[in-house]
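Two complexes follow with subunit A in common, the first pairing it with subunit B and the second with subunit C.
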Partner chain A sequence: MRYFRVVALVFGKDFKDELRRKENMASSFLFALLSLVLFAFALDPTRVDLNQTGSGLLWLIILFAGSLFMGASFRKETENGTLFALLLSPCDRSAIYVGKFLVNLVFLVILEVLLLAMAFVLLNFRFQDSVIRLAVVWLAVTIGYAALGTLFAALIAQVRGGQVIYPILLFPILIPLFIAAATLTQDALSTGFSWSNQWLRLVGLFDILFFTASVFLFEYAVEE
Partner chain B sequence: MAEIPPILSIKGLSKRFGHVRVLEDVSLDVHVGELLLLLGPNGAGKTTLTRILTTLTRAGRGTFLFRGESVTEKNRGALRREIGYISHQTFLYAHLTAAENLSFYGRLYGVHELDVRIGTMLERVGLAGVADRQVGTFSRGMQQRLSLARVLLTDPSILILDEPYTGLDPEGSRTLTKLLAGLKTESRAVLMITHDLEDCLEVADRIAVLHKGRIALDTPAEGLTLESARRQYFQATTGERVS
Partner chain C sequence: MALRRSIVVLWAVAAAANAVTLWLVFTYAPIEVQMGAVQKIFYYHVPSAIICYVLLFLSFLFSILFLWKDEPIYDTLAYAMTEVGWVFITVVLVTGPIWGRSAWGKWWVWEPRLTSFLVLWLMYSAYLLLRLFSRGDARSSKIAAVVAIIAFFDVPIVHKAIAWWGSIVHPKKVVLEPAMMWTFFVSMGAVFLLAAAFALTRTWIGIEESRRAEREVAR
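Moving on, here comes the complex of A and B:
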């Protein structure tokens, strides 16, 4: 019970902090919006079927915008040494990780909902499959992304120039997840897909594997 | 003081990072009711020793006892609960208010009757009037006082202060010294790590000097003047006698 209280405490503190400091959220949202507008102008809808290629572009934007936000989730804890204070507290350290993971997950979901809504307008997306199926896919991919993104953010927090190496370390491991995400989104926007789709199973496996591993590895990631 | 068993005790402690020897055969006892001043030049190993004492870094060799028991994976949590740590960094969230900061840390440590305790602590450090102001708007001195309230909130039996005077103006230093003097009367041990003898000699009970990873001096502070303490420090760190 105390474990979940610490999770809720870290989540509440971080959420409030993010809403007040605004800089991480604003930069990510702005980057995502600008990228989408640029893509909308750069791609000619009479020559390119955006319903086919647009899903890949969307996930590319989410990858970069998400890393902007998540990369700062532990780095900001080093500004006044609060990471040190968190590690010094007598709570289970993985609860700190889970609290941070949830903040990143909520942020990514908000970003994706806004981005998807804008994509329907700017990229002229047409919907073929069920909304629920698309939502499940996007949530599953986002869980995997947030799990790994939060762990790597903790890893680089105390490293000088960590924000530079963050995407270099993170992106290669995310390749299978994002290929699956783009493929499934593309299917959802065209022919549809079944629940037994192999890409969907890959996403599920990725989530279970990397979330579990991250919870256990967090203690070592933050230790010297 | 010697009859009281130490709350923290390290014996023959060594630590290396790769080929670099940071601490070598360090032995030090910290007793309840005393303020131990740990001095040393840059690179002496003070930060590493602090990280070991706060359980954030594992010792390489030697014994580390807390209340007479060896510190292991199992009781590290219990030790963390008993430690209050203040450094030149404030450990405060700039975008949260003073009360929100204390509330967060209080809940993290499971402090009972938290609201009452927060009020008492803010009163004690003279910040009750600015409880609802964001910490980012505070002066350095106010932040350091709130930092002290943060650790006292959990009522730790070991207080470790790592360069707490850094960045404080003379008025802020005087206020902090007054607050620290008050802590000694309570049943807790205080370990202060600093470069600056001037601010803290008057409140110290014992002085230890760490030099090149070894304890070069461990002596009672009673009877020491600022000048004689400086002389001893100089002698311990250079090996030269000063008349």
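Moving on, here comes the complex of A and C:
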């Protein structure tokens, strides 16, 4: 029970901080919107039907904007010297990770909902399948993304030049997840997919494997 | 000193084995009917691919040991294995397109095996970049270990995910005629020795570097 209290406290503190400062959320959302507009210019939606090919683009935008958001989740702790205090606290260290992970997850979901809404308006996305399928896919992919994104954010917060290497470390590892995300989103927008879809199973495997690994590795790797 | 001597011996054996391999490849092994002489790149392409998996597995293993036992030697070993492993991924990625250009007319196709190997190369390049950025920073060793572990977890996933698309250019099973098979076995051994020589030398360099760092701290 104590464990979940620590998770809730870390989550609450970061969530409140982000709501008050808004700078991370605002900058990553504007970045996402900007990318969407730039992609629209690059691909000319009057000639290319982005409803057929646009899901990869959406995930690309989420990848960039999300890493912008998550990359900052431990930086503010190191900048203010509070990471030390956080790690000194007499609790299971992985609780800190889980708290941070949940904050990132919540804000990524908000970012995705806003982005998807913009895509429907600006790129004429249309539904032919159920909303539930789309929501399940997006949530499942975001869990895996947030799990690794939070772990790497914690790791690079202590390295010189960390902001530069963060996306370079993170993106290659996410490739299978995002291939699955783009394929499943395309299916969810058009013909739908069955629940025993192999890409969906891959996303599930990715989530379980990397969330568990991150919880363990965080304990060992993050010091002072 | 013992390490240094065994490195010299290993290099000599590896050089001899590779000389024998080259002789076998160009004189003994027959020319393949369909692809012609360019098929001979196979004798270095395939062993390099196998060896790089072995080296990356070792890097994964030593990274876990380092996080677990906290002994600096495991960090040195993990770094050495990853760096040499990266070199062999690069060898595979360079020899592949040369073969591919003449065998199927294109340098590169977005095919499962090729794509997964490229992703592999990207992941371990990021690892080496992390090491470059944090040179001389003891804390970063643990971070690098985590990256090596996560990256290795991703290897089977990439392989599997992309394999679902089905392979166009890489056959599932290769049947070799005896002369080709013997040449392949010898080349496998030669590349293995070469990799061992590189890995051991790189480990020795790592040990020397950390010794020097210790001496500087002492002074």
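What to note about this one:
By our rule, the second predicted complex is superposed on the first by the 221 of 224 C-alpha atoms of A that agree within 3 Å, B and C clash if a C-alpha of one lies under 4 Å from a C-alpha of the other, contacts with A are read in each partner's own complex, and residues count from 1 in each chain.
Here, contacts are C-beta pairs under 8 Å (C-beta built on N, C-alpha and C of every residue); 3 or more make two chains touch, one makes a residue touch a chain.
Predicted model, so just to flag it, every value in this text is computed and none were measured.
Residue contacts after overlaying the shared chain place A:198 against subunit C, while subunit B stays out of touching range.
By the document's definition of touching, neither partner reaches A:121: not subunit B, not subunit C.
Note on subunit A: of its two partners subunit C and subunit B, the one contacting more of its residues is C. In the overlay built on the shared chain, the residue A:21 is in contact with subunit B alone; subunit C does not reach it. By the document's definition of touching, of the two partners only subunit B reaches A:80; subunit C does not. When the shared chain is aligned, subunit B comes close enough to touch A:9, but subunit C does not.
Legend: residue contacts after superposition of the two complexes on their common chain; A:89 is shown touching subunit B, with no touch to subunit C.
When the two structures are aligned on the shared chain, A:208 is found in touch with neither subunit B nor subunit C.
Subunit A residues in contact with subunit B (one complex) as well as with subunit C (other complex) are 223-224. Of all the residues in subunit A, the ones that touch subunit B in their complex are 2, 5-6, 9, 13, 16-17, 20-21, 79-82, 84-91, 223-224. Note for the complex: subunit C touches subunit A at residues 67-68, 119, 122-123, 126-127, 129-130, 133-134, 137, 139-140, 142-143, 145-147, 149-151, 153-154, 157-158, 160-162, 164. The residues of subunit B lying in touch with subunit A in their complex are 51, 54-57, 77-78, 80-81, 83, 85, 87, 89-96, 100, 104-105, 107-110, 134. Residues of subunit A that touch subunit C in their complex: 148, 151, 155-156, 158-162, 164-165, 168-169, 171-173, 175-176, 179-180, 198, 202, 205-206, 209-210, 213, 217, 220-221, 223-224.
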